[in-house]
Structures are given as structure tokens and as C-alpha cells.
């Protein structure tokens, strides 16, 4: 990370920032260390290879359908009566969320590095189904690890992943347990490529995932300039591991006049309620017992943002005051879902509705020429059962 | 329809072709006739109004996310070892199918014509959820009519439509019954706008829907020229009412060197097994008893292509030999689904897999420089239960 | 133009004719004939004999159920034409209008259809979904005219003056004034609306006007008869009575009485 | 560098030391101590005392279950350091290595941790997820070195020669040679692989080498002892026995016998 930019980190050992407060690093077993160094080197080489980057761009356009639209949410804007609201429509990507851009990048990288099989973890199943789709396209076997609680609630994604040919490994729990199990699977198969689903885990994953997802922010810059003649005043995204958030804001990290807000699930708000710790490969804010022996955190309806920890770059950005982090409750998430479905005709995933809950609070008191952009990073198909269960009667 | 073009029809009374063999027309009760003439006039005026067309284009881009990618299905191409295969990725549109482009167009038209409420029918529920989304966006109440058999099998679309604020009216049966009931509802509320879901029913609907959907073919021309330096040799789409098919081929109707194939569900293959008749507002090929008293036809897994009849323009194009019509069985549809999920990582709706079944047959024996484009007009989320029920075990 | 229909409307009494709709062959060809005989005996001036199609788009739930019943029994247009013949054999004066949808006529096909119904003794045809914009309507109208039969045209509340002019120009027999927007047997019209509508038509033509849809009781019929129309059309009310009393041994007699209660109030 | 560990490896016999892993406080602090006493009495040279964390990423199902058991009972690193003290009170010669994850040490925090374990009588620490790339590893290693304690480093099958050089350069006490890629207690290593690996390490250093992962029986241990290593590490096999016999009154004695069956074959 150079002195003058928040965009250039982390350092070669995976640290964001320096000294005691540095976040990130590589806290994994020896078996994986050589593999991660190899991956880092493969990554460094790949991103200097224009033909590789072109290939990524090509598939972003043709397979994923990028760029996703930047959409003026006119009804919502009028309803809230404050700021002008834009949605970055990441849910229109193939496989229905932002996750696939990262899956695509890492699978292309794995192929370039001659890997023959893939592993991934998943919370909401979006990363699993996205990686499974890309794995099918590039003809590589994939094992996805998920918690049984998540498997039950986002079953559609699991069915799709199986149709794409992926195998599912179930563990008791949710995303946290899936990540630990995925690392174990990776340790047992270090010749496989582990396709990490967010800007979490040991270096070099946070940087790789950030690199892949930061296309979101670059698109926003171009689209906002073209459509609005200016940049947004505020960027809001939900934050589980933090990949859709960093993807959105990375491009703008050195522009302090643009306010950036990440919204965690209230039950697992690592950045609001956590303390620094080292678990699952990284030093970062997290919810854990004082003695570091146990991860903590309740359960959120947003499976993809129910994570006790968070990507280390976010911990760094929090400490530096570059990004503001807030949280949203299940109730707020459901209310935001209802509002956006009925005003804009968009059935959103629950995760980005955490961002929308914050958006609603922010937009109200802003002038009409204040521009807020929300990252609408997934569709609600996977969540329909959950939504019906909780607020189905509201729609009758 | 001018003498020299298949693109300019129908005539002012809604006929494709002339004399005894003319198809289409306006076979509806007197109550609706003035309304349909008014609609036709509104349509004619609207499409001469550049600002209206610009508005449609704007929302196509920002709300729907058009253009949908034209995608080189490399794995499938290699697997089949014949023609080069392209997919028109209409499933990446907002609300996950081609239907929304038509819904958007007609709702904008209804707004322009100062209508205050909307009615629609639906088979697969795609048109219902799409119209409900657009209705929410433009703040108009919507009643959707569906058959109870379809409601059960594509339940996700109904849930979404309700979340968007639409009301559901259930009738015993499938799409056919829904259309009849929708016309009754329209007759009872002639001041509402009826948003017809395919190129069917009385004039001016076939023309309006064709106009809206023909953006698909125009995009294909541009994308194919840009990406392939040439046009496809063959265009294939599934055909229920025929809107995604006509949307794809309309642009190319006067180019006989481009082969066009429409694929119906084997159980309701009006163009292969039917005879001309007049039902549901139009003269067209259909499956019915010899005496014209009863519509016929079995049941297909593809809810959206289970329709005993077909849009009149297709009957005309069939008689003229401009388009070839074939059909696909449930088994072929499921096999095509499996192949495309596993080779390309795309979970398709079942309807376009009827087209894919034909594609598989066609591609195999063609040279490598032969270019075939399939309209992949919907995603499989709505069909996952059906697929699991029939071939779920194949994926374990 | 059917002479019989002309004659019916030139007769002074009853001032307001009762036009009654029956689903042909419902519940069976035999009972259907008996019901219609009762209707004739109890003063109906014109019979509308409905033939059925599965995709009928103007029928409310009552008539739809009767249609489905007949469809399931497999009776088709030929059976209904036979029924018409039987009716005509029974009575030479009553007007008989075949009423239904274009689907069946198109397949019959139209030319044969007109020949056959002429032989059967029908006077007119009413095709719900055949506006004058439809080629087959033109064919049918031509053939009927040539054979001295009428194509009954409809005017709806949505029909504007310009269109109404076109319709009355081609109307024959009588004009079926649809007095509400919707399907049969659901909504009821207001007397004022009908009166105004009849006036609007009367300004353009002298053709007899019969008003229909939603007339459920003798009181409704009486009220509508004050609108200036020449006839009132009752359909769902009779079909519903039949439907509700299918197993009643006194069904035909009672339908006769029910019809009598309508004709009684229409002078 | 721990003097005690040095002394253990300079002793001629047994030629191959038995290093045995126990989950600290499993199933209870008291029984855990009794089990460890049995291990000492039956010839174990070095004890690895595991402390627990919920997100342990190198443990197979056997050890994970034991970890969860201890976590649920609420025993933490402090309890385990107490256990170490009790062990040291019982025996002055056995090597004691605290083994676990960086999560707990970071929160302890590290400086206090080293002070406390030194007082308790531990000789070394092995942190599974603290490679030398990690800042906290550097801090911990520094503090241990300053206090005459060792940080046990690991070498894995994936570790290349360049990296191995770096590791042996900082290794202290002994080198933990992970003989298969994966989690504890699942895969078994081949004798040839281990022999080659030991050779590869021996080319670079004279530090004692202990080989571990997947050694389930005295036969496995015997085979591995021929590889040229200085010690064999057995973990899951003992934990599994304890797990399967939790309610057996003779548990501690039988674990003693089990350990004896390993030390018996290791000369």
C-alpha cells in the first residue's frame, strides 16, 4: 500500500496498513503456505498478462452480461422525497449476483495455473452456484462446502449447482463452518484451486477477490459520468465478507468526498460490535469470545451476510475512517425488500436489502441533487421461501 | 403487408396475407372492438413518436438491462462437433425472460393512453411476473390470470408478482383457459389495458408484441456482425404463442438465406399437427376438434409453450414456407436442459430447451463455419421443482 | 333479412318482445326441446339457441357451466341445428336465432352452415366474436342475406357513434344492444343508461332494438321495457334456473311458469 | 531454544521418541491430567497439549469432536496452562509443547502468554496457523526465544526446498514434519515418502525431526521410525481411544497400556 493511496494495498504478506494495526496476513497451516505463495505469484503474473485480462473482460461481457446497468430508481426516489437514488444492478448478472465475476476470474486463473479441480465454500449458495456455472463452462470438477442451515434456506442455488455438475459437501452450521471446512478440504487437496467467495481468508484471496470485483466501481464511474454527468455522493453496499462492497468502492477509495457505507447484518456486525482477532486465515475485526477461543454471532435472514467476521481490508478502512460501517436488522431488511419490490418491481435478494435499509435512512434527509448509489447485488429467487415465511401475509 | 416484404404486415384489420389463407384478424366481441381500435391507433401514434420510442429504449437499457449478450457456446459447440453455436441470452433480462420487453412496451403504451389499470394472462408466469414488475415501476394496478395447473408448477413467478403488488386470478387449467378468462376480464373492464403476453389474440396484439420483441433480432444482427463478422446461418427459438421466436426472426424475415426454425411442444404442436381455425380472437393453426367446438392438446413440461394454438403470423409464415416449424418432446427438452447446464453452466427454463433439442439435431451435421443461434429466452429457477421431480436423480 | 323477424317486430303486441336464450341441447337434446316448447307456449317471441365452444369469451360462470356440460356430452353444432328443426316443426312463428362463436362456423364451414340452417328453419345467426372487421363475418353476412336470413349485430356501451353508424347500416333482424360491458349474467344495467343508449341508436335507425345482459327478474325486464327498446333478452336467469333444478321432475313446467312471469309483465 | 527438548533428543534411548498429542482438559481437567501422567509413566518423551478454538482448520473429525467437547465445557487457554503446571509438577523431564491456533494467543495476548507458560513449565509452543509470514508468529518466536523456549515449526509435503531452508533456519526444539497433506487423523503416509522427506530435511539441518499425521498403530510408528526421524507423533489414535471409552472406569490405565504398546516398539 503506497502512502498516498488506499487502492494499492495490501503488502506482499497480505497486510493492509502497517504495524500493530495492520489487518489481513496469512494465518494458515504450512501445507497451504506454498500453495498460496504460488497462487499469489500466478495472480501477479496473470494481471500483467493483457491477453489474460482480455479473456476475463470477454467472458465478463459475453458470459456474465456485464456491464450491469446503473439504474435510476425513480419511484423510490420520489417516495422517499430526498436524494436521487441509483441501483447498480448486479443481480442481472448471469447466476443472479455479483459473485460470478469473482468466480470467473479465479477459475480463469486456476486454468492458467493448470489446476485440475476446484473447491469453494458458500453461505447464500450464490458463490457455489456461480462457481459451479463457471466450472461447468471451463470443464473443471467442483466441490462446494456449505452449512446445513444455509443449504435448507437457499436450496435453489444448491439444485442449480448440482445441475451444473458440482458436488456438495454439507457441514453443520452456516458460512463460518463452511469456510473452515473448505480450508480443511483445500489442505487435504493442495493441488486443487480453492475459489474463495469473498475478500476474506488468508492473503492473497482478499486482494484477488477485490481485484475481480472492482470492475463494479469502474463501471459505476463510467456509467454515472455518462448518465448523470457526475459521480455519486454516496455509495452503499451490504457487507458479509465484503466483496460486493469493496467491488463497489475500491475505485473511489482515494476520493474522500464520496461517502462510503458498508452495512452488516445486525446479528453478525463484526465492524460495529467486534474486536480484532485472528481466525480463518486473517487478522480482522470479528465477533468472538474475549479469549479468542470461539467465534460468535447470531443468525440473520440474509444468509450471505451472516458472517461473524469480515474481510481485512474493511477492518483497515474502518480504522482509517475511510468507510463507515453500520448494520441492519432482519425487520429492516424485510421492510426494505417490500418497499423496493413494490416501488421498483425488483425482487431483490435479502443481503443487499441490508444496504437498502441504510439507504432509506440516508436518502430521506438529503437534498434532491444528492446522488446515492446502492449495490443491488443479488435477486430474491433464492430467498422467496424465507420471505414468504416471514412476511408472506403482507402481500395477500 | 407490402408485396416485397414479410416484415411489414399485418394489414389494418390484422391479417397476415390475403384472401382465404389470411391469418389473424379480430375475432372478439363488440365490447372490445372499439377498445382494440383505440389501442391500435394509440400504438400507431406512439411508434411515430420518437420521444416515446426513446423512452422505451431508455428503460430497455436501464430497467431490463438490454442488450442481452450474444454468447458463443464454445463447450456445446465442441461437444456436438458441428456448427458454431450462439445463444441469445434473453434470460439475463430483468425478471429472467424475454417477456419483460413486451410488458415494458405495452405498459408504457397504456400509460401514454392514460389507462389506469392493467390485466394480463400468463402460462409460465413469466409474463405475469414481468408485467407485475413493470406495473410496480409505473405504479399501475395489475390483475394476472393464470391456470391452476401452471400456478402450482411455476409458483415462484406468482410469489414475485404478488410481492410487486399484483393480484392473481386463478382459473382451472393452463394458458389457454387463462387467455379466455383474461379476455372476459378485459370485456368487463374495457377501460383497463390488457397486456397480452405473446403474438396472439386479436389484432392489434400480434403486431404490438412483435414490434416490442423484434428488438431481439436487431440486437442479434448488430452483435453477430460485430462478434462474428457475419450473420447466423440459422435461427432457432421455441414457440408457444411465438413472441420470442418472432422477436428473434422478424428482423431477418426478408433474408431467405437465413434458415428460421420454430419449435413447439410436441403435445401442443399447432403448426405441425393443427389446422386453421378461429379461436381466442384470431384465425390461425390450432389443435381443435374437427367441428371447431373444442380446443385440444396435451400437457408439456414447458408451461410457456403448452398452448394449443399459435400466433397468426407464424401460421402465415408456415404457409409461405418462410419459417420451418418442428416440435420437441418432454424427454428431448429434459435432455437438452441437462446438456446445456453441464456444458455451459446455464440453468435454462424448459421452454427454450425445446429450441435447444432442435439445435442439437441441427448442429451435429453442419460444418464448423455454420453459425446457429438459439434464443435462450428464460432461466430455469421457475422450473427447478419440475426438473428435480423428473430427472433429479440424474444429478446425484 | 328474415321475414319472420320482421313480422314479429311489426306485431303490436306484446309491445316489448321477450327474447330468451337457451343453451342448445342443455341438459339433453330432448329436454332442451321441451324447455323451448314451454318458452314458446309461454309467450317468448324470439329464441336464441346457443351452440357451444370451449373458448367462449363472453359467457359468465352460469352459461359457461352449461356450455361445458354440453361439450362434455359431445353435442355439436349439427345436433343444435337438428334441435332448431324440431323447434320449427313445433312452431312456425317464433323467431329462432342461432347464437355462438365463429370457431364452429368456420369449421362447418360457413357456406354449408347457412344452407343447413336455412333448411332447419332458423331465421338468424348471432356470432359473438365476429365483428364486421372479420372476413368470416362478411362471408356469413353475405350468405345469410342471400338466403333471406339475418346476421344479428351487437352494439355495446363502448361502441362510439361512428362505429354505431357502421353497425346499424349492416344490422338485420334486430340490433342486440349489449347494455353492460362484461360477460353474460354478471353485471346489471341501469335503466337510464339503457334509455340513453336506445335513444342514441334510435337517432340512427329504425331497426328493432333488443337489450340484453344482466336482466334477471321480471322487474328488471319491466324496467328495461320502459327504455324504448323493442325487446328484452333474458339468458342467464333461465339457464341458472335450469341448472339449479336439473333433477326436478317439474323442470320444464316450472321454466314455463318462470317465462310466463316475464311475459306477463311485458305488454 | 528449550534446554529440556535439547536434552530429550540428546538422550540415546529411545532412539525414536514418542511424541503424543492430547487435547488439554479433555474430557475434564482432572482426567486429562491422569491420562497425561499415564503417558509419562509409559514412556512418552514429549507431550503436545492442545488448546482449543472453534475455527481450528487442521483437525480431522476425531480431534474436532474432542475440541468441541472442551469448548462446550468452557475450558480455555488459562485452564490448559494450569494443566501444564500440574504436569510439570508431576514430572520434570518430559517435554511439554502447547499446541493450537493463533486466535487464542493473539487475544491472550502474546507477551503475557509467553510469561505465563514459562512459569507453568512448558517448553515450547506449536501454532498450526502461524507461518513465519505472520507478524504474530514473529512476535511469539522472539518472545519464546528470549525466554529460552521454542517455537516448533512445521514442514509439509508441499514445502519446497527454498522454503524449507527458511523454516529450518528458524526452527527450534524439533521440526514437526507433517507427512501428508490434510487434516489430523485421516490420511496415512507411506514409509518411502517420509524417508525421502526426512532425507530432504536432514540435508539442510541437524535439528531433530518428528514425523506426524496418520500414525494410527504401533506398526505405523515402527515403520515411520525407520525413516531416519527422531520422533513419531501420535495424536488422533490416542484421542479416538479416549473418545470411544469415555465412560470406561479403566480408561486411564488402558490409555497407559495403549501408549506402552507404542513405546515398546520404539527402541
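General remarks:
By letter and in written order, the chains are A, B, C and D; residue numbering begins at 1 in each of them.
To be clear about the criterion, a contact is a pair of C-beta atoms (placed from the backbone, for glycine too) under 8 Å apart; a residue touches a chain by one contact, two chains touch by 3 or more.
Remember, predicted model here, so these are calculated numbers, not experimental data.
If chain B is removed from consideration, the chains that remain connect by touching into the groups A, D | C. The minimal number of chain-to-chain contact steps leading from chain A to chain C is 2. Mean C-alpha position of chain A lies 35 Å from that of chain B.
Centroids of chain C and chain D (each the mean of its C-alpha atoms) stand 98 Å apart. Contacts with at least two other chains are made by no residue of chain C. Looking at chain A, one finds that none of its residues touch two or more other chains.
Taken together, the touching pairs link the chains end to end in a line with two free ends. Every pair of chains that touch is listed here: A-B, A-D, B-C.
Touching chain C in their complex are the following residues of chain B: 13-15, 22, 25-35, 37, 176, 179-180, 183-184, 187-190, 276-281, 283, 288-295. Contacts from chain B toward chain A in the complex involve residues 61-63, 65, 68-72, 75, 89, 92-95, 132-137, 139, 156, 159-160, 162-165, 337-338, 341-347, 380-381, 384, 387-388, 395-396. The touching residues of chain C, when paired with chain B in their complex, are 51-60, 71, 76-78, 101-108, 128-131, 133-136, 153-160, 163, 167, 178, 181-183, 186-187.
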